[in-house]
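What follows is a set of notes on a single structure, which appears directly below.
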Amino acid sequence: MGAQTRTVTVKYQSPSAGAREIRFGGRDFVVIAGPCAVESREQLQAAATGVKAGGAVFLRGGVHKMRTNPASFQGLGGEAFKFIAEIKAAAGLPFVSEVTDPRQIGDLAAVVDMFQVGSRNMYNYALLAELGRLRTPVLLKRGFSATVEEWLLAADYIVRGGNENVVLCERGIRTFETTTRNTLDLNSVAYVKAHSPFPVIVDPSHGTGRPELIPPLSLASAAVGADGLIVEVHPDPARSLSDAHQALDFAQFNSITEGVARVLEATGRTLARL
Amino acid sequence: MGAQTRTVTVKYQSPSAGAREIRFGGRDFVVIAGPCAVESREQLQAAATGVKAGGAVFLRGGVHKMRTNPASFQGLGGEAFKFIAEIKAAAGLPFVSEVTDPRQIGDLAAVVDMFQVGSRNMYNYALLAELGRLRTPVLLKRGFSATVEEWLLAADYIVRGGNENVVLCERGIRTFETTTRNTLDLNSVAYVKAHSPFPVIVDPSHGTGRPELIPPLSLASAAVGADGLIVEVHPDPARSLSDAHQALDFAQFNSITEGVARVLEATGRTLARL
Amino acid sequence: MGAQTRTVTVKYQSPSAGAREIRFGGRDFVVIAGPCAVESREQLQAAATGVKAGGAVFLRGGVHKMRTNPASFQGLGGEAFKFIAEIKAAAGLPFVSEVTDPRQIGDLAAVVDMFQVGSRNMYNYALLAELGRLRTPVLLKRGFSATVEEWLLAADYIVRGGNENVVLCERGIRTFETTTRNTLDLNSVAYVKAHSPFPVIVDPSHGTGRPELIPPLSLASAAVGADGLIVEVHPDPARSLSDAHQALDFAQFNSITEGVARVLEATGRTLARL
Amino acid sequence: MGAQTRTVTVKYQSPSAGAREIRFGGRDFVVIAGPCAVESREQLQAAATGVKAGGAVFLRGGVHKMRTNPASFQGLGGEAFKFIAEIKAAAGLPFVSEVTDPRQIGDLAAVVDMFQVGSRNMYNYALLAELGRLRTPVLLKRGFSATVEEWLLAADYIVRGGNENVVLCERGIRTFETTTRNTLDLNSVAYVKAHSPFPVIVDPSHGTGRPELIPPLSLASAAVGADGLIVEVHPDPARSLSDAHQALDFAQFNSITEGVARVLEATGRTLARL
């Protein structure tokens, strides 16, 4: 499995170590972590320090949020860019954030090392075509009701533009089951590894929506052959402005990376380290 | 996880070793294997020898089949009981087979060490109530469109009759996805381990319906905390009278148990051995 | 549409009018009504009088209930048979009730004019095969997660036994939508009329689970070409022991039959009358 | 039902009759028809003449197509605007077409009388917010995996911008059923009429994906209380560049409007006429 996976490399600057890169699709398993939404300089600073200590090599955080309810918090937008740049540089971590409108790309490009396309935008072909014109890596989440075939065709919208740096992300699908927020589909991860050239990571936070299920599904994701994880971690989960119910604290996150490292070792792989 | 899981013990006779037992829900991970349907004495004999050599400690095989199409092979029925008893005794393996009608229980009881209730009978409360009157362990498969809550309530139909020896089996749910036969729901396994007293195993054969996906999902099942696996293995998959497309050969099965043993070790558990 | 539909005739005795019959699949649209569960002589007597006055030509009522929760009311069972026989005879209405176990058939046969197979038993092939040995008409509800193809194959289990008197019933399918109890699939009704020989009726009570949606979906069912309706009506909905939330009172039911009669007339059909 | 529905008025110019308007949500039932995609001047001219003769009062046609496969025909784009303006003016019909990117709005505004937001863009909140700044009516299709609640919240993204001229469109949801392209959810139409202020129409072409099912589901849509229909009609269905399998010819379309008119009369409503 995975032998034919294309490697996607994210290049970034580390003040201490200079030019660095992180590879998706190779022997290393990449853990991305951070808050669902960037809420303040203090919150992101604390998150960056905490997830780095807990084994993450990539920082996540939403600036432009997709919210079902127009009355919900929509994200800080551009005002966050300045302090995000300072925090990621100080931490020496690359940063991924969601783009929800083709017109945001220019500004976001200055602060992100990888663009995230969210589940509800997987079918937003105008947005995918724009990202295809860049060479910046794109994290393409699976639409929560998209078949694997539609997901791979969405990736093709980016690749056809000339940007082959696509990493897929399984984040759970919508089914009749209501016990969990979504049904995490690890069949799709194994299928993508066996039949496509794209690296694929897993989002167990949205995939389960329940904190107590995130650790076991993280281990399962490593065992099934995924190339990484993206986990929602917050300095103070109870105070999170979005998805508070599924954010983990630093201690919970740290125990996940330790367990994942052991499962990876048992399957001949390793956890990516800085 | 799993600390509160009830242990379900299957007692059986081994000609060589005398009275033996297998426990579900403890530290050991139980692998059940065999053909989808019992087709002949020769086929079952070969299957028993092969899966035992490959690391299985429990033999499976359908006698009464549930077939969507009434024109499909419906199973050998009672005529198979005599040679099944001889083969399982010679191999020293316990045997599990599906019961599809309350009126079959009496005859089946003479040959099975555990009754299986299939996915399409999870809502057959008359059948569950009858099995509740026995003390023989029951393997209760999740209905392919049953919520976890409905699955646990179905188990309650058996427990209320006085039979607490219920082992659950996640076998995939029906979703919009057509790339795989079903969507294996490992969220449900983690949820059952965290919130119910029942041991739970996984059926990656029906859960994926694709041979190349069975190995990675077997490893994921071990990592997520399942108590075992039930896998379709056939001496000659291409000649299988049912589910030929998802049956594994002995070599494929053997590689799964070896990989699963390594993942279990990484998570502080062990593969059950004879 | 419907030209090729086979007619299924239900024969019954009316004390006043002697031998009578009701045909499914012809020009007449058959309305079946009554309580979800038979709760007492008084309740069924009141229901029979009320639904007959409201335009129903067939009485329904559950004796053996399928309940997800084993602690829920399971139905009166055999004790209800004596007064059911008296009430249906006095009203001159045929009676349909659900069979949930092959062993109930003998007793139920004395009181029902049509056997109902519920949604959770559509895959209970042992039960279907037994009903195939009779000539009594069978109302086969669609499994809430059964494809139309599986539904037609289930009907084939009955027909292969020699009983061609099968009437299908669409009662809604399980989807991701939670606003309604089920998603009523009228596509399936039009498909069955166009591509199968079976008459098909609709259950808007389970199909919507919301009283305010039952009238418009009843009109839609008549317009789409269904051969009838089965509606839950209770003398005192608020006091219903099961499905209280979706039972209609007599006034609501009466307005439905009046509206349905007008839609039928507009499409060249008629409401079946006693 | 429907008493509280807000009326949405589409104003347009008819060369012969001058300023005209069409109202959604009132006593009249509005039928929109035309090709899935605008393919050429000749094709659209023939379609406009044919659907007008068949009873349509509104012309549809895709200029910017959303195609799952990037290699499929993506629509003519701007080059079609000039002849579309001539054809709709000559026919005296208003025109609706899909917008798939906020940056298309300016150009499309010159030729459409109503913007359509397709199923895959229901969650494209950036697009919805832009349409909220206009006063041009918007036809908001339900996401094929959107709950009714999410659909109504998407409409709220437009209304909050100040544009209350939103008409909803049920076009079928994605379920496990594969016999039909989608499962048309008429429960949702009745729910929207009972619990929201928005007019709602039905798309039986995408909702069934089978020509033989479009007529019965069109009658059902009228009976359930929908405010109109949008139907794919092509001068030569077999030659259609997209959705050829579900396009109707003029004769099939004409028989639908005749049947719908009769059902509307039976329910106290009327078919909108020019």
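Each chain carries a letter (A, B, C and D) given by its place in the written order, and its residues are counted from 1.
Throughout what follows, a contact is a pair of C-beta atoms (placed from the backbone, for glycine too) under 8 Å apart; a residue touches a chain by one contact, two chains touch by 3 or more.
Model, not experiment: these values are computed from the prediction.
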Pair joined by the larger number of C-beta contacts - A-C, B-C: B-C
Same-residue or different-residue interface between chain C and chain D, half as cut-off: same
Equivalent-chain rotation between chain D and chain B, CA atoms, steps of 5 degrees: 180
Geometric centre distance via CA averages, chain C-chain A, whole Å: 50
Distance between the centres, which are taken as Cα means, of chain C and chain B, whole angstrom: 37
Per-residue overlap in chain A, given as positions that touch at least 2 other chains: 145, 174-176, 178
Sites on chain C touched by chain B in the complex: 66-70, 100-103, 120-121, 123-126, 144-145, 150, 153, 156-157, 160, 174
Parts of chain A lying in touch with chain B, wherever the complex brings them together: 1, 145, 147-149, 173, 175-180, 183-191, 193-194, 207-208, 210, 212-213, 215-217, 219-225, 259, 262-263, 265-267
Complex interface listing, chain C residues touching chain A: 145, 174-176, 178
